[in-house]
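Each in structure tokens, the structures are laid out below.
Each of the next two complexes has subunit A plus one other chain: subunit B in the first, subunit C in the second.
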Partner chain A sequence: MLEIKDLKTNFNTYDGVVKALNGVNLTIKDGEIFGLVGETGSGKSVTCYSALKLLPKTGEVVGGNILLNGEDITHASEDRLRQIRGGEIGIIFQDPLSALNPVMTVNEQIGEILLLHQDAEINKLASEKGIPVYKSEKWKASPGVEFTIMAFCISFISLFIMLGQFTFSLPFLFVIGMMFLRDYLQRDIPASALDLMVIDALSRVKLPNPKQIARSYPHELSGGMQQRVMIAMALAGKAKMLIADEPTTALDVTIQAQILQLIKDIQKEENMAVLLITHDLGVVAETCEKVAVMYKGKIVEEASVDQIFTNPRHEYTRALLSAIPKSEKHLPNLSTNKKSARTTKSESSIDDFLKVKKEIIDE
Partner chain B sequence: MLGVTVITFYLSYGMGDPLAPYVTERTTPEQYEMLAEKHGLNEPIHVQYVTYLRGVITFDWGYSEVVNEDVSEALRYRFAATLELSILAFIVAVATAIPLGIFSSIRQNRWEDHGIRLFALFGSAIPIFWFALFLQYFFTLYTDWQISLRYDPILWEITDPIEIKTNFLLIDSIAAGSWPHFIDALKHMILPATVLAYGSMATIIRLMRGNMLDVLGQDYIRTAKSKGLSENQVTYKHGAPNAMIPTVTLLGMGFAGLINGSVLTETIFTWPGLGAWAITAMRSLDVSAILAYTLFSAFLYIIANLIVDILYAFLDPRVELGGHSSIAEILVVSLSILMLIITLINIDAAVWFGFLILVSLSGLTIYSISKRMIENPEDAWVIFLFAGTMFVVWSILSGFFMTIIYSSLIVYTGYLIYYWQDVKEGLGPKLDEFKRSSYQIKKNPLTILGLILVISLLSIALFAPWLAPPAETQRDPMRMEEHFEYNFNHQPPCYFSCTAESGEEDGYILGSTDRGYDIYYGIVWGSRTSLDVAVKVVFTGTFIAAVIGAVSGYYGGRIDDIVMRITDVFIAIPGLVLALAIIAVTGDNSIEMLMYALIIVWWPGFTRIIRAEALRIRKLPYIEAAKASGASDFRIIFQHVLPNCITSIIVIATMDMGGIVLSLAALGFLGFGGGPDLAEWGKLVSFGQDDILTGEWWGFFFPGLAIALWALGFYLLGDGVRDILDPKQRN
Partner chain C sequence: MNKESVNNQIIISIKNLCKHFPVKNVWGTDVALVKALDGVDLEIESGKTFGIVGESGCGKTTLMRTLLRLVEPTSGSVVLSEEITKNQFLSNSLEELTSEELRSFRRQIGVVFQDPMGALNPRMLIKDIVSEPLVIHGKTKEIREKVISLLNNVGLGEEHMYRYPHEFSGGQRQRIVIARALALDPKILVLDEPTSALDVSVQAQILNLLNDLQKKYELTYIFISHDLSVIEYMCDRLAVMYLGKVVEEADTEELFSNPQHPYTKALLSATPNFEKHKEKIMILGDVPSPITYLDQTKAELATEITEQERLEIKTIEGKGIDYIVRSSLNEVLPLKEVGTSHYARVK
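Up next, the complex of A and B:
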């Protein structure tokens, strides 16, 4: 599906060039969940942003190749990249509230991606059911515009009546009349094809009451619902691959489990490829099939999940694994004892981890 | 957090604070003056005040001697003229500025961006009257374009009179169906509207650019890109609507700026609107007209903010109207409405009622403050702090300040020498920071330009006695009258060809005005006036603002409410209008009075910004940490809150060094502040104003250039300093 070969990305900063990626090699096959783990700043997110050319202005891909289904998209045109983004690769981000546009409804935001990548589908659905593609209530959705037009018309009407030129106010009166009539006329029009598709996309991520959610703004939803909306949006373009950039970091533990389960379910249903970026090894163990460990802009180890957890080969991976705090079940159930045992254990493992890291840096 | 404070402020407006509380706080002393002139103080002040209040709400706004008619009548037909001009200018400004701001943000740090930024900076740095005079000069000399009045009197009154119903000439001509009238009215409006629009356009461009840059860095923009939207779709569909939200909140302020500007524009273009009328009234000290105008513009400002408030709630789905209304606010509002109603019925009863309210409210305030003091005795420093602030303000204004500065410099030098080892150690990181800053400056040519301008203008002020030596017989170098023994009128500039031998007639390097004042001399010594006023006003204003703003923002709650309502009162009146009103009503035309007026106008704005910063900072974790470690409030405010506000304080103070000189020049141009021959740039421009029609361009050109360069220098520097001090810019 996606193949990244010797990818190199630099950031140009005040202190000079920062080499974020020093030759990353990754291969993600169709229908597999691939985990990418590493500590903060190891270049996990930069890898996926480089692949889709979503880097900030200071970032720049300086070497390597990105292959999507065998096609080299390293130097693809902006048009081709736009087809890929959303259409072939969907992406979800860490904090759903800041990743959703605060002034657009869920309906508009998902509708947008549908219009971009599912145009044919929508038209087909519309002609099949004999319903409009989208409702002509575009400007009704932004009350500011409606309000301004109304105020404008009323002030002009009153002005012309004041002047005694009633005929001039007729067109404005007509506009106001149409604004009131529109609600009445559109009362019985069935939902548009676009609306149906949006509701369908929302129910695919198992959101309750999708009709109401489609009408709401992001800030009116809970964190878990927002992330589901993000997933619905990433999937709406019928992407064959999903990149999830730390999708559960901003959520609490129970919601995390639900979202991961959802991603797994959808992956199974659609047979998608998923690239799951995380720093949580627990998430990896639970979800992924294959995993790559990243450190300082390089992949240090790539193996199946079982192998990584049972038989890690690279020193860094071992250190990373030993840094996971473990609960000591065999200790007597005395809280003080348990606490001290735990802290000493995790502290010592973190010390080990830092020691190994230092050694690697020295090399 | 800043957004939240802005919202609460606007919502408190949206709740409908009536005019009454504003009238109460502001008009009393002015009212005092007015009646002192008219009736000779034969009634106690509160009775007079209530009578006045009744007059205001029954539209009995007094009688103006200048136009020889009822004030409310004059307001009614002049208002249409001003409103027509302002609305046209506003539409032009918004319609051009918002696309330009967006475009500039997309092309950040490219030449298009620099060009637009420079254009915007010129807009805020060029004195509005200078720009207007420029246009007047070119259009009167080189075209047959009519630039004065609202219409061609021959067409409208003699050859083809049409009925004027609304006094909005554009609409009247449409109503009459007359094309030539429409064209004529539009032709007369274009120049004043351009002048008016340019100033507010500059502000909107800068705002829009900043907001767009902010929004384009947000996560949802990345999401939009990841959907496969094109660059344009992302910018205009996802970026612009979000960036519009904070811009709209400041459009109300922009409208106030238009009212400010209309005073000057109307005067120059002899536009028969409110502004020109107010200036005439002020020159002849027609108090009832001045008060009516001040009140009216405050009223307009509040209405504009109300509209903006509603629009804001429509643009941003996260905001809902009607929140934030404490019991105390409702109480005050309802009491003032009740007061107004009683005023209508019986004046005596209203006097007693108002008296009662005032006594009980102030009693409540004193009670709550003293209760707080008894509960936490360590808070008593706040009172001493205010006393200390007042002392410092007094010392700055009374000239004692320079002594303090010099002595503290000496003490500081002593400190440096004594603790040299410690200082040396601390110097390392500072030096690093300095290197970083100088790198940033080098990267930004505009900042260097600003720095050069500021340094050269400051050195002109410093070396004035050498650059333009005063005459031996001159008693005060600031007075231009005595500079030459014989003053020759209307001399053209001789630049550097003048020689000492060629005599005094030829000695005007930059020409002379109609009273024979040497323009070169005036500019050189005028820089001292500007520097003096700007430094004093900025220092005093910053001091008051820093202390009051930090305390009010840090404590929040009731104290904050009271302080904010007081600043509301000042901000509701456009700055220039308030300054003019203060000068005109007190009748004191000295430069000191002008300074006081400017301070009164400027401190509320400062306070607002610092208070907003303090509000933001006090919710940050390190303040909590400081509190948890047992630091006192005093320590937190001065160790943690203020140092973190210092960036914005420095930036705003730098910018306002320019802004205050612009206001000073505007006031000088209108003939206020200092004696008639004081070396002051605005005054020099006004001397040159009358000679435009004879083609003497140097009279208004050179002093205006000095003002523009001064303001431009400080604006550029302020912009640059903001870029350097903002850690987010370092990437």
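Up next, the complex of A and C:
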């Protein structure tokens, strides 16, 4: 499905070049859940952003190839990338509230993706059922704008009446009259094909009462519901692959269990490929089939889940596993050995004291 | 009562503590109450680590704030032992302390907050941050030596004194916060999710440091967390909170091996770990709102919605997983002794 070959990504900063990825090799097959584990700064997120070309301006891919179903997308055009993002690869971000647009309703946000990637489907549904394609109500702004216009008109009308110049208020009366006339004429227009598809997308992620949720804004939903909306958005374009970048870090344990179960269920139903990026080894053990451990912009170990937990090969993996608190054992005081990735400047002196401690051999 | 608690070495006991935040409408009349704490009884032993677990919004942090009297409780009391009062205070009840006594009380409780970057002033040098409590409490003698020894205690050195917080990594920042909390030789350290912002390997370092400090200074820890593996590693005794109430309280081993309350069972099963073939219990639905409406009709309406949700939830099929419906947890039962010093709200 997705193949990453010897990927190298650099970030240009004022302090020098940060080599975030030093040759990453990954192969994700159809219908498998692949886990990518590592600490903060190991390059997990940069890997997936590089694959989708979502890097900030300072970052650039300097080497390697990215193959999607055999097609090289390393130097793909912006138009092609727009098709891929959402259409072929869906993505879920860590913090749902900052990833969702706060001034758009859920309906509008999911509708946007459907219009981009599922145009043919919507038209088909519309012609089958004989309903409008999208935007069933014409000449209508968002509720906030509608309210403001109404308030303006009423205040001007009352102002002119108080001043004794009734004739000046006539244009404003006309505007209010037209607004009511518009609502009256469009009183029983059926739901559009787009609305139906949005509700369908929301019910796929098992949200109770999808009609009501489609009308609401992101801040009105709880964290778990927001993350479900994000998943619905990622799936709306009928993507064959899902990248989940720490999907449960911002959530409670009980809600985390729900979301992970949902991802597993959907993966099974649609036979999708899932790339799950996380720092929690427990999450990997519960959901994934294959794991890759990342450290300092490289993949240090790649194996099946059972193998990595029973028989870890690389020293770093072993250290990572032993750092998980358990009641019976004493935690090893391992140093993270987080040397700065900058090359032009010598290592920052912040971590001087860490250097004294045990070094983990980097091959 | 006081004598007894000294015998059991109980340093703080909380009795029927309630904190209700009023919800007001436009005209300023109370329409509802947020029951953040609703009758919490806890006894915290000296020199041990007491853990508090629960979801976000269950009242863990409010409990901590009420313990420090940063918010005034609605009802209930906090009784301090002689170890803290040292016969200097007029009363051993926290809410009767005068402002002067409260200062001396707060000297004996250190706090470590969740987000170290938010807890450190970005414009102050580390030496100023760590010495600030000493200056405030008038211990200005040999400040430099004290700061150096505090920094050495947490694994930092003299060379870090003249730096700003942003120059440190997350784990080092948390060490600075711990050093500051220890500046006044407290008896109790309240740790509000001290490792939730850190990586596993850094988390391990901080937990080890906390354990060493506890042995060295015979500290009592009140450890608030939602990470059960950390709790299992750190705590001697544990209370599980749900919607402002303690639903289960037991020694850590007992609670992990023999959970009684359905919520505790679900929480234990929800924690991801490596044992693949264990029984799965999952809670359906989101964290319920802790708001109780004073108006009867509105209160009924609120419960009606949960009924409707329950119907929707029932349509979901279980796939080898036991499901718990949220509204089944809303029923309030009295605390019952189910084992040796193991209490749970079960039938």
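Keep this in mind: the second predicted complex is superposed on the first by the 286 of 363 C-alpha atoms of A that agree within 3 Å, B and C clash if a C-alpha of one lies under 4 Å from a C-alpha of the other, contacts with A are read in each partner's own complex, and residues count from 1 in each chain.
The rule is short, and it goes like this: a residue touches a chain if its C-beta (ideal position, glycine included) is under 8 Å from a C-beta of that chain, and two chains touch if they have at least 3 such contacts.
Keep in mind that this is a model prediction, so the values were computed, not measured.
Chemist: Identify the partner contact of A:Ile84: answer first if only subunit B is touched, second if only subunit C is, both if each is, neither if none is.
Modeler: first
Chemist: Have a look at where A:Met150 lands relative to subunit B and subunit C in the superposition and call it first, second, both or neither.
Modeler: neither
Chemist: Examine A:Ser222 and indicate which partner it touches, taking first as subunit B and second as subunit C; both and neither are also allowed.
Modeler: second
Chemist: Can A:Gln256 be said to touch subunit B (first), subunit C (second), both, or neither?
Modeler: A:Gln256 sits against subunit C, while subunit B stays out of touch.
Chemist: Based on the superposed arrangement, let me know which partner A:Leu320 touches: subunit B (first), subunit C (second), both, or neither?
Modeler: The answer is second: A:Leu320 touches subunit C but not subunit B.
Chemist: Which residues of subunit A are in contact with subunit B in one complex and with subunit C in the other?
Modeler: No residue sits in both footprints.
Chemist: Using the touch definition up top, name the residues of subunit A that touch subunit B in the complex.
Modeler: Counting only subunit A, the residues touching subunit B are 13-14, 52, 54, 58, 78, 82-87, 90-91, 93, 95, 98-104, 112-113, 116-117, 142-144, 147-148, 159-160, 162-165, 168, 217, 219, 230, 233-234, 237.
Chemist: Within the complex, which stretch of subunit C touches subunit A?
Modeler: Residues of subunit C touching subunit A: 55-56, 155-157, 159, 167-172, 199-205, 207-208, 226-230, 232-234, 252-253, 256, 266-267, 269-274, 276, 282-287, 309, 312-313, 316, 321.
Chemist: Can you check the complex and tell me which residues of subunit A touch subunit C?
Modeler: 39-40, 206, 208-209, 222, 224-225, 252-258, 260-261, 279-283, 285-286, 309, 319-320, 323-327, 330-334, 336, 338, 350-353
Chemist: Quick check on the complex: what are the subunit B residues that touch subunit A?
Modeler: My answer: residues 165-166, 171, 175, 218-220, 222-231, 237-238, 241-242, 245, 310-311, 314-318, 436, 439, 730-731.
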